[in-house]
Amino acid sequence: MAHTIREKNKLLARVKRIKGQLDAVERALEAEAECEKVMHLLVSARAAMTGLTAEVVEDHVRTHLVDTELFPDALREDGVEELLAVIRTYMK
Amino acid sequence: MAHTIREKNKLLARVKRIKGQLDAVERALEAEAECEKVMHLLVSARAAMTGLTAEVVEDHVRTHLVDTELFPDALREDGVEELLAVIRTYMK
Amino acid sequence: MAHTIREKNKLLARVKRIKGQLDAVERALEAEAECEKVMHLLVSARAAMTGLTAEVVEDHVRTHLVDTELFPDALREDGVEELLAVIRTYMK
Amino acid sequence: MAHTIREKNKLLARVKRIKGQLDAVERALEAEAECEKVMHLLVSARAAMTGLTAEVVEDHVRTHLVDTELFPDALREDGVEELLAVIRTYMK
């Protein structure tokens, strides 16, 4: 079962939190706050989005590159770890 | 006047669009869609967020590094353009 | 055979080109050029490095996540394409 | 005086180190090492390049956006810090 289904509620909670961060951006724009504040709120919302995306990409690598029911032993764990280490350096 | 105030409605509309993209992520998670779909939706929402952030950062460079009323001629346009060219290569 | 071996000469030529770009950074620093020039040279060397890294990561995904001799049909092409599409958005 | 001139020797040493890292990539390709090793070497060379670029960009912000001799007090330190905080989140 894909991680996005197994961890559905946890992931939904994270999406809700990011939407809450975007609500804060909206309020700052409405209140004509300094662009520094808007910038700060956007950067942290984007960081949260990047973290969530990295988690879903990791799940994709583990569950969707190989049909693990047809080929249970095909995916090489060391190859997966090396790839995820590189992806994490880019998805910060 | 800061760009975030001058272009307030345009920026608010962009934030609303990104929230709409996150609604689509929520629906995909609720419907237990393939993680490929969730991944795809997240990557495009993040790209929209990156674009919006880059615009606010550009505004910050032009309006908040120097008090343009006290020092109307202080900001060097070529220096600003070089900086923004680099920032854009990172904020894609 | 891994792409890094099959395309060895092409990849070596690209590494040499990036080293040439770093030589140009060295010359600019030695000549005490404006930091704008140094910045510009560094950004393009980094972009070349990113492109080369993305190519090697793609090769890793295609040849090292599954032992393609033991499991010739295990790797799902659509899953691979989806993953590489996301990786490319980050490795620009 | 620009940072790239003031810190010339330190920056030259860093460029030399990155070229050394690229020499290691060349040796790994010549020796037909596993693409995981090539990937690993490239990712760390790119990280070193990103760090060096971030330092030069910071210098550019502090010394080239305003003619600090003509306008010694024009650059707003808090605006600069906010900008550099955002740039650092992208240039990791």
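Read from first to last, the chains carry the letters A, B, C and D; within each, the first residue is number 1.
The working rule: contacts are C-beta pairs under 8 Å (C-beta built on N, C-alpha and C of every residue); 3 or more make two chains touch, one makes a residue touch a chain.
Small disclaimer: the values here were computed from a predicted structure and weren't measured.
A.B. asks: What is the chain whose Cα centre is as far as it gets from that of subunit A?
C.D. replies: Centre of mass proxy via C-alpha means gives D as farthest from subunit A.
A.B. asks: Please compute the C-alpha centroid of subunit A, do the same for subunit D, then give the distance between them in whole Å.
C.D. replies: Using C-alpha averages as centres, the distance is 27 Å.
A.B. asks: Can you check how far apart subunit A and subunit C are, centre to centre, with Cα atoms defining each centre and the answer in Å?
C.D. replies: Their C-alpha centroids are separated by 24 Å.
A.B. asks: Once you find the CA centre of subunit A and the CA centre of subunit B, what distance in Å lies between them?
C.D. replies: 18
A.B. asks: Going through subunit A residue by residue, note those that touch at least 2 other chains and give them in order.
C.D. replies: If we look for residues of subunit A contacting two or more partner chains, we find 36, 39, 43, 53, 57, 60, 64, 79, 82, 86.
A.B. asks: If each chain is a dot and touching chains are joined, what shape do you get: line, ring, star, complete or other?
C.D. replies: Drawn as a graph, the chains make a fully connected set, so complete.
A.B. asks: Which of the residues in subunit C come into contact with subunit A in the complex?
C.D. replies: It is residues 53, 57, 60-61, 64-67, 70-71, 73-76, 79-80, 82-83, 86-87, 90-91 of subunit C that touch subunit A.
A.B. asks: For the complex, which residues does subunit B have touching subunit A?
C.D. replies: Contact set of subunit B toward subunit A: 2-5, 8, 11-12, 15-16, 18-19, 22-23, 25-26, 29-30, 32-36, 38-39, 42-43, 45-46, 49-50, 52-53, 56-57, 59-60, 63-64.
A.B. asks: If we count contacts the way the header does, which residues on subunit C are in touch with subunit B in the complex?
C.D. replies: Spelled out, the residues of subunit C in touch with subunit B are 36, 39-40, 43, 47, 78-79, 82, 85-86, 89, 92.
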